[in-house]
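What follows is a pair of complexes built around subunit A, which joins subunit B in one and subunit C in the other.
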Partner chain A sequence: MATKARTPKAAAMAPRTIGRSLLLTLPIAFWSLLMFANPQRHSNRAPQIASLITAVFMIVLFFMMMRTGNTYRWRRWFFVALGILFPVGFIHTVMVMRGTMGLPIEEMIAGRTPFCYLPIPLLILPAAFTKSLVFPGSILPSGGMSGAGMAGMAGLWLAVTLVLGKGWCSYACFFGGIEEGMASVPPRAKLRKIDPRWRYGPWAVLLAMVLLSLALFEPAYCMWLCPFKAVSEYVAARNTVGMVQNGIFVVLFAGLVIALPLLTKKRTQCAFFCPFGAFQSIFNKTSVFDVKIDRTRCSPCLLCKTACPTMSLTDESIVRGETLMSCMKCGACVDACPKQAVVWHIKGTEVAGKPERARLLFLYAAWAMAVMFGGSIIAEGLATILHVFV
Partner chain B sequence: MTTPFILGEALTLGLASGPACMASCGPVLVPSLLAERAGLRRNAGFLSAFLAARFLGYLLFAAVAWGLGVLVSLPPAPRLLLFGVVHVLLAGALLWYAYSATHACAQSCAGSELVSISVTKKRGVPGAAVLGFLTGVSLCPPFVAAGVRAAGLGSVAAALLFFALFFVGTTVWFVPFVGMGCVARNEAVTTVARMAMVLIAIYYAYLGLAMLMGRRVYGY
Partner chain C sequence: MKLRAKLGYSAAGITVLVALLVPFFLMGQFTKGFASLGLHVDEMYSGGPKVRTIQTANYSIDIHRPVFPHMLQTEKPFVQLDWKPVSALPEHVSDAVDVDGDGQSDIRVSFDVPKDAKTPLRVNVEALNSHYQSMQNVGKEKFSSLIVRVDDAIVVRVPLACP
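Presenting the complex of A and B:
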């Protein structure tokens, strides 16, 4: 993954000294070691080695963010690793627990379907009307097949979301990394003209899925449209309906997560389809962190607009000095700006105030969560692979 | 004999079933309301046309079914065929609606003339009525509940009256939809509504085709 050549231009900020960068990395280093210290002795050393590698990986990436002043470039390594290793660990778990990647109806009836955060917006209306959850999983924090019950996942999501807003989609989502990796492969986009109205796609999918979930009393997105079923658990196809569902999953995954990111260099599933992303955009209003454009420095060269993987910058928004509410706070636009006009910002403060302080505060929150949540998923995936060799 | 007690039961049944009716009609009603122009009066007009046509669909279905003596015991094969056709028509109406809105948008300004197929528009194509009628005859669960009860009444007139009061009860739950007229309309809202209509239409088309091929889906 050659990242250097693909970022339009590195940020002009002078690198920090190694000593100062190390000092700034210390809190994350302590946190990482705390998260991945495993005092228990197992006969198999794979989990310990995986934890150690993950801790070092997360610490080094944060150090490089501090040292170079770049965010997107280093975050992407973490995010792609998360996207690739999540299916590895998850598939291993379902194979051990269930013996197949297929999710049979018996498992659903028993309430053992693993819960991810994507159906959260689909559960709200049915719960409000009927006081019941339209998901065949367990609500207990330790429930469900993989030990990730609805209460635990929803609690984690809410806590993180209130702080980071849609930053969840760049630092926690274990699906987005695959397409971000795909988008980073080609040196330049082959498909450059994208109708900006496709940006409304996630909202349309959200509206349709919320309404259908209420009407059908099932998480309609999980049943019919989730592209990531193709790399996690598919419907145990015992009839034509199951075949149709799996066909849709595979086609959407191949199109939105593989082919279109390769052609456009954008996170097309996130930008044009994901209903959870649209829902998450609302929480950019509650987050204290955002990305602003200092109009006194902006040329405008539009490099930020080109770099944005979700088309969250338009000519009009740049004139207004802000991103659209779909901004995932990945940092691509900040890194791309040659004049440091695109800056991290804390609401209520001056745009041209202390952007690096805003960046640090944001990154401490985001990376602490990335270490805890994404890091544990990376470690599990790594352990699964290492288990073969160690 | 129809007693006030029975009529009160119809109203109560309608009130109790309202959320289920709302959930059943939501995928059709909400996007089409959002694709309409903003304003409480305009949305109220659209909703009235939708509900009136839905009521007509209810009564027509009840009367025909009563006349044929098959209100609650329609054999599976013709039932699948009937509801398959209804769902395909519903999908077609939604797609047509979404396309029509796009067409209107392309031919006029971005704001005021976005949609031109509601009953109040100059094209005069009763979009709301078509959608309302098709949802009225698509046999949602509350409709079945009312049908079972109405089948036990002595005459077709009593059954229709029962359905009418049942409808009044459910309609109370639809009143808040008028509030969607307060949602500001811009290109984003109408585009989202049209895209959602297409997605929902695809789902209904799938349901319809599956039923036409003789497959039982979701209780039909």
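Presenting the complex of A and C:
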């Protein structure tokens, strides 16, 4: 059995013709132009150029997915771009608005703390018991420093989750791209033996953070454990506790997002730590799309298991012909399988039925969300950079 | 085609349709739905609702309802007072404030108002009865005892003496 770490390679499917691939890309091309069309005239052309580049980027990636039959390889370009350009745009906005990446207590009291989706599961119990949201932000859609209050982000999250389920973690999360980029740097993994029990890490962190947030009435994960504070905004260190918090953020970021992905070729923060990812796994049960293994074709060579960035395939799950509920539908296993035994699937249909039809339907939904949400973030980050030149 | 497969493909088609509706309809509806749940930001951050305003010749002092911590929240109970507008405040403020509205002054609050908005603020609070805690030269170390400038107001939070 081959268990050597490999980068997923092209599946054995014959490439589509250019004409057919273009035809299949047309709906996404139309959608991208719709999302990025900006009739407003700005004195600075950077946002318009950035929107145009992003639209072309997203259309070309989708075209390549259609042409080659590969999903992961091309999605990764989008995802890494999102992971890199989100901090660029965000930090720029923060610096312009308040002149520092540190979050001062005044901004918290004023309800101007930007709200991301990661604390959503932590807010549920305190809100259920007291109707209080334990986050120093704004509820109104127009509130918050970033212009999107908690209601806006919650609405977006709910809508996208309805479509993608756990696929959020591969097509919408603006943090995961950094570690996916890191994981793709080395040609092979240096650290191959990972105790499978680490897989329960996100659930343990989720449980601990939910209970701690309820007990302390604060977003415990944001206050103590979020690695991405290191590249977004940190607690303004007004005392020793603040210094300790910031130290934890930096150590977790360096370890889980930089060092371990380089050593293991896995998305270690997502696979072993992220409580939001664990929470999002629940929505894999409500999603109509999943990934299955056609047992009549599977050898099994375990290349899919090696390729999976979140260890969502085990020997037992392969025998059962399915992924674990932590699967985030990135497509790495599907691309890695030399026998096309790992397939995209629509619940209720035959596994060996029409996997390409399932893939197409999933990709149309997922890429529409990627263009709408991730694409707008990429465009903003790109515009920030282009401002320097244009 | 079996019924289950038909249902599966129908659900997949609906999912694609839902995806198209997200930016134009669904996101807005979910956002409105969330906003209408009647939730509020925890008072440890927001300072609680305003209950009374004391008007002086040039400026006003908004008094908020006392905030009490939940469960294991590490902060003390406090009451928030807002002096505003900042532009109307004298260089040095020293006000005896009737917080609970019983006609008796409860605390004396003193602070300087620097012209530069970025200069850190410090406050002294003298408790005039046993319901409040005095503070000496306090900045913004804790949510329950602080002085900060928020937009056009200077916000002071005075800890209550624990019952």
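Some points to look at:
Assume the second predicted complex is superposed on the first by the 382 of 390 C-alpha atoms of A that agree within 3 Å, B and C clash if a C-alpha of one lies under 4 Å from a C-alpha of the other, contacts with A are read in each partner's own complex, and residues count from 1 in each chain.
What we mean here is this: contacts are C-beta pairs under 8 Å (C-beta built on N, C-alpha and C of every residue); 3 or more make two chains touch, one makes a residue touch a chain.
As the structure is a prediction and not an experimental result, all values here were calculated from the model.
By the touch criterion stated above, A:240 is placed in contact with subunit B alone, subunit C being left untouched. With both structures placed on the common chain, the touch criterion links A:140 to subunit C but leaves subunit B unconnected. Contact with subunit B, but none with subunit C, is seen for A:205 once the two complexes are overlaid on the shared chain. In the superposition on chain A, contact of A:151 is made with subunit C only, not with subunit B. By the document's definition of touching, of the two partners only subunit B reaches A:224; subunit C does not.
Comparing subunit B with subunit C, more residues of subunit A are touched by C. Looking at the shared chain after the overlay, A:214 reaches both subunit B and subunit C. By the document's definition of touching, neither partner reaches A:185: not subunit B, not subunit C. Across the superposed pair, subunit B and subunit C both touch subunit A at residues 130, 214-217. Partner subunit A is touched in their complex by these residues of subunit B: 19, 23-24, 26-27, 30-31, 34, 187-188, 191-196, 198-200, 203, 206, 210, 215, 217-218. Partner subunit B is touched in their complex by these residues of subunit A: 129-130, 197, 200-201, 203-205, 207-208, 211-212, 214-217, 224, 240-241, 244.
Residues 31, 35, 104-106, 108-111, 126-127, 130-141, 150-152, 154-156, 158-160, 162-163, 214-218, 238-239, 287-289, 346-350, 353, 358, 361-362, 364-366, 368-369, 372 of subunit A touch subunit C in their complex.
Contact residues of subunit C toward subunit A in the complex are 2, 4-5, 7-9, 11-13, 15-16, 18-20, 22-23, 26-35, 37-47, 69-74, 139-141, 143, 146, 148-151, 155.
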